[in-house]
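Both of the next two complexes hold subunit A, though its partner changes from subunit B to subunit C.
And now, the complex of A and B:
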């Protein structure tokens, strides 16, 4: 009996960990090309979830709602790039840190005013009735999270490896100046990475909303953990975020089972401190020699 | 020059007169503040309470107002959103204290907010009727405790089925179902903790018939309750007895379904909040909680109230029927006190509240002497509700219905009979 409980906690934690991984992946995408991060990524998740909720309330079918939601995510990502990141990058300043935080706060206030402060249920055709696998309860909604995360990440990785545009993306990530000399527009590539990052945020919103409900604060805890995951894994390993995400999810889950739910956040933060102290490039990160 | 000076003097005199008119308590409206969380997780309770109260105010004003010394005065509602935040509650109460001609305050949903703010009102003797905050501490904080003497004069009243009554009913329900092992769940707010203490005390009082399999805490905003629920499950809990508010309660109900923990969920009245009922969906069906009002038109008065509420706010279901009905009745009780005091002075209204001569016909029941002079050894002196006005409600298909038909029949039978403390 007790063993099953432990496995149950691990499975529940792993699903949550996949969501951390997805949001962390959004951080990686923009860091790769522009060496910048949208600190308002959590707000993008939240705003996209609210937009999807409104679209559903208009009576659109689930599939179309998801597509439109992802499109809105891309537009929001582009908006962040244009309004907060590009200027700062052009001036080679670190202003994007503050600007993306400010933009996040702005998104927060705007959605509080449009949609209110309440948590609302998110209708989904996917059932949340649990079924048993080897005595462990799993819900179809959780399965959909796993499928969604792997689907979108797989698609983006495929895009980066197989298409010309994707190769440009990789080229800019590796060496911006060299890529520009080859005739690749670094600016456009950064724009693209923000758009994709927005799509990833919207996808995360669609996937977790049925579990967490939709509200202005839905992503605030999530984004902090996702950031830990991205840093611990290293800011350039897609495989790394999945591994670290799942690990952190399980660790949290077991902590709350054995020690108490109030201690849930502690292992993640400890891990973050350890990683920064021992391996600043992340467990899966490549050590880069910085030429000055 | 002379004329100018003269006119300035006249203006100043006029100004002073106007100032004293608004500051002297002789205004021609009765100012009543309504406060509670109108946004956020507690909003269904706060907003329903406000809307129920405003419905009563609109009815009183439509009839011309309250007659004081031969002059009919209308009630003016001042609304303040405390966002269920303790610090907001404290600031709002300080603002109320600064208002010169405030006749009284009605509201507050969250026990923490009550504890943060009411001391300012009590200090200045401003009359407040707390509704629907049910946490025991809201009133027991004024009692004598050992060496620490409570105030001999209290301007704070409560109009809610306080947690001691509710906890007694919850424990009773579990015992009646022949359960022997239960898990206590509670949120980490003042409300949750004091509800947990009440359940533990009531269990002791009722003969320690329930074994406590687990005592689990959760935080506001928690979405994943798997860990706590699994511990309860492995400890063999036959029921979850719970004190919390809507969104987290829904997370518990959904978590129970997920880990296949099919045991009764019984707890404090927030289990009737719309954000519990909606977010839990069918996982919330069968949940049991004490209620002071069920949205069923079983009496003519209830029917009129429900229809008026639906029409005024364009809804098909009251978000929190208990809060709405209590807000409504609280205004009528307050109005009766104003009428009896023949004054808008908050201190005189307080005295009248402690000795209401006439019965007040509310939607919950007919209130006969709901309050008596404050006794720092007996919290019931400023509590309106007794066990008999409270019934068990149950969630079914997104609505709250009577859990026991006997309660329903009893209320129908007693609808015309006068009830209250004295009938006991």
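And now, the complex of A and C:
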């Protein structure tokens, strides 16, 4: 019985880990092109989730609600890029770190005042009645998380490989200066990456809301773990995030089972510090050669 | 001089006295509480400014160090009955310890990674404070009685004076530290960690010390905070407090003690500002007008970009609108902090004090401190005896980057006292040779002998300390420091004063001596008149000369000049040649990497030519110029220079 319980915890943890991986994937997208990440990404997840909730309450069908939610995510991502990142990148300063933190705080405060501080349930047409697989209960909502994560990541990877715009994206990621000399606007590519990253954040919001409920603080712990996953996997390595995400999800689920739910954030944070100390480029990342 | 004394010291004294006598004039416990908090935040922000201002890194852990200090003090007092001073000492020590521990991972990191490591440290601290209930009582909160100091119980007023004394002591110590060699080293580190190591200063050590001191101050403030509040809860030391602290430093002005003072005043007053709508409207209105005027002026004079001018106006405008449409602005607290911080970051990056000090300096016309007498160059760079024997020997040196053989087994001997030219087409491995010798890269195989002994591999710092100094092809000057400080920071002699003495303000004499010696070196390269200029404002050619001056300040046995003439105009090249000759006459051995054949043949005693990571020729400049292998490497065809052939590389030297 106890063993089944442990497996149960691991499976639920793994589904949660997929969401961490998705948000971490959003960090990788913007880091690839502009060498910057949005420290307020968690707030994008949260705001998009709230917007989706409001759209649903207006009576829109689920599919249209999701599409509109993703669109909002893209717009929010563009807003972050324009107001917090571009100037700092132009000045070659690291001001974007503080500015994205600040924007996150602004989003937090605005949503707290518009939608209230309470956690609210998120209606979804997908059933949350569990069914048993080898004695472990899995809900369709959890399955939908896995499908959604792989669907959106696959779509973006396909876009990067198959379309001209996507190839421009890859070009800027590989060598910004060379890409600019070939007539690709690095600025626009960074914008594009922030928009896609916003879509990814919104998708994460839609996917986890049925599980975690929607509230201003829903993503503040999530984003820390996503940082952790992104750094451990390597900020510039593609699919490593999925493996690390699942690993972290399982690890924290077991931590809260064995030690206590108050400690559930600890493995992620410790992993983050350890990864930064031992291998700042991540497990799957390449070592950088210092040039002078 | 007198003016400086009156205005600079006078202002500090005046504020200190004012702060000290306020409680005697106004007996108001609310006011006293604010003043106490001002002193505590002052200490906390001075600590934060070391990392945010001087090291230029986004440090998100300072709120955690406040918490660590507060809980340490609280626990040792309530559990072990410590008195006040030992409790504060314990708090500071624990803060320094955690700061040093966190510095291990944070040391090697820059920018976002540094911010992330401090962010996760903060989140970890909050978790631990919440969960270690047997120590901290968790969310329930910890009662902290105010302990006696030397047998006396301090009343509110007495405790305020104690905090003020600590604040003043910290202020003085930090002023001493930051104007000393250490402060310069911190700033050098921010501008170029690589050059900090290459100049023998030690990037890791200084970063660790800066971070440890900053964290210790945070925890000292935490100890005082515990005895001031007498009740601690983990949820105080969280993300929001950290944003407020950063607001204090950024708004007040980075790299400035006065900025910190202004910043802490503002964050102490903020809650009161938010509790009164009228007051809030007045201040946000003033901010809006300020942003409007500054923005329009910047747009008209075209000194600021449209975004930089418009964004603060929009942000402050939103604040004013917010005040008009909401009755309870307390609910919007976070948005208000965010908008203020945003407007300042974008529109006034140097902060209020940075902005004000420019005008104040003009208004009172305070002259900078005069320089001491310039030393004799012959006393600074003492002529070394040269014996013509091998000084540096490379034995079958190899460096591969994956499959790329950047250096593929070269053997070179550089004799003491000579100028040894190292030439070759682009991509021939010249810069890699320099980077391997100077320790930026560890070689794949092979040995380097210096003074007949095996040289350490892969450590810029250790190689520099052994007497090899270098310049960089892509300039690595300390761009935000004045020219003279760029040279001073590389001087060995001046590091001899140890940290405690520096904090006490001793060691001024060695600073004066370093100044006079630096002036002599600057005079030698012709930059004496630019000593006060900020390095980034120098023209390009002068920056190259500054790199040489800085490398000379190390008093090296071997000087490696990595393409010193790149991008220089013809008259500048002439100047450079004279300087190189002068340096060589002082007995300093030089390795000169160069493209200009003219420079090489005029200056070098012996020339080594590299191609594809191998030595293809070595000899006197005249022989080299006639060597068919060299001509082929450079021009892509052998021995028929008059025939027009395909030119395979972009580096065509001027064959004169």
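The rule is short, and it goes like this: the second predicted complex is superposed on the first by the 292 of 292 C-alpha atoms of A that agree within 3 Å, B and C clash if a C-alpha of one lies under 4 Å from a C-alpha of the other, contacts with A are read in each partner's own complex, and residues count from 1 in each chain.
Keep in mind that, in the parts below, a contact is a pair of C-beta atoms (placed from the backbone, for glycine too) under 8 Å apart; a residue touches a chain by one contact, two chains touch by 3 or more.
Note that the structure is a prediction, hence the values are computed from the model and not measured.
Once the complexes are laid over each other on subunit A, subunit B and subunit C both fit without any clash.
In the superposition on chain A, A:181 makes contact with neither subunit B nor subunit C.
In the superposition on chain A, contact is made by A:106 with subunit C only, not with subunit B.
Once the two complexes are laid over each other on the shared chain, residue contacts for A:8 go to subunit B alone; subunit C is not touched. Using the contact criterion defined above for the overlaid structures, shared-chain residue A:262 touches subunit B and also reaches subunit C.
Contacts of A:98 after superposition: subunit C is touched, whereas subunit B is not reached.
Aligning the two complexes via chain A yields an angle of 100° at the C-alpha centre of subunit A, spanning the centres of subunit B and subunit C, rounded to a multiple of 10.
When the shared chain is aligned, no partner comes close enough to touch A:58: not subunit B, not subunit C. In the superposed model, A:231 lies in contact with subunit C only, and not with subunit B.
Taking subunit A as the reference chain, the count of touched residues is higher for C when subunit B and subunit C are set side by side.
Note on the superposed arrangement: subunit B and subunit C approach each other to a least C-alpha distance of 7 Å. With the contact threshold set out at the top, residues 260, 262 of subunit A are in contact with subunit B in one structure and with subunit C in the other.
Taken together, the subunit C residues at the contact with subunit A in this complex read 56-58, 60, 102, 104-106, 108-109, 111-113, 115-117, 119-121, 123-124, 127, 130-131, 194, 239-240, 243, 246, 250, 305, 307-308, 311, 331-339, 341-342, 345-346, 349, 401, 431, 435, 440-441, 472-474, 476. Within the complex formed with subunit A, the subunit B residues making contact are 39-41, 43, 83, 188, 216-219, 221-228, 230-231, 233-234, 247, 250, 254, 257-260, 275, 278-279, 281.
The residues of subunit A lying in touch with subunit B in their complex are 1-2, 5, 8-9, 12, 16, 116-121, 128-130, 132, 137, 139, 211-213, 217, 221, 253, 256-257, 260-262, 264.
Across the complex, subunit A meets subunit C through its residues 36-37, 39, 83, 86-87, 94-95, 97-99, 101-103, 105-106, 108-110, 112-113, 220, 224, 227-228, 231, 260, 262-263, 265-266, 268-270, 272-274, 276-277, 280, 289-292.
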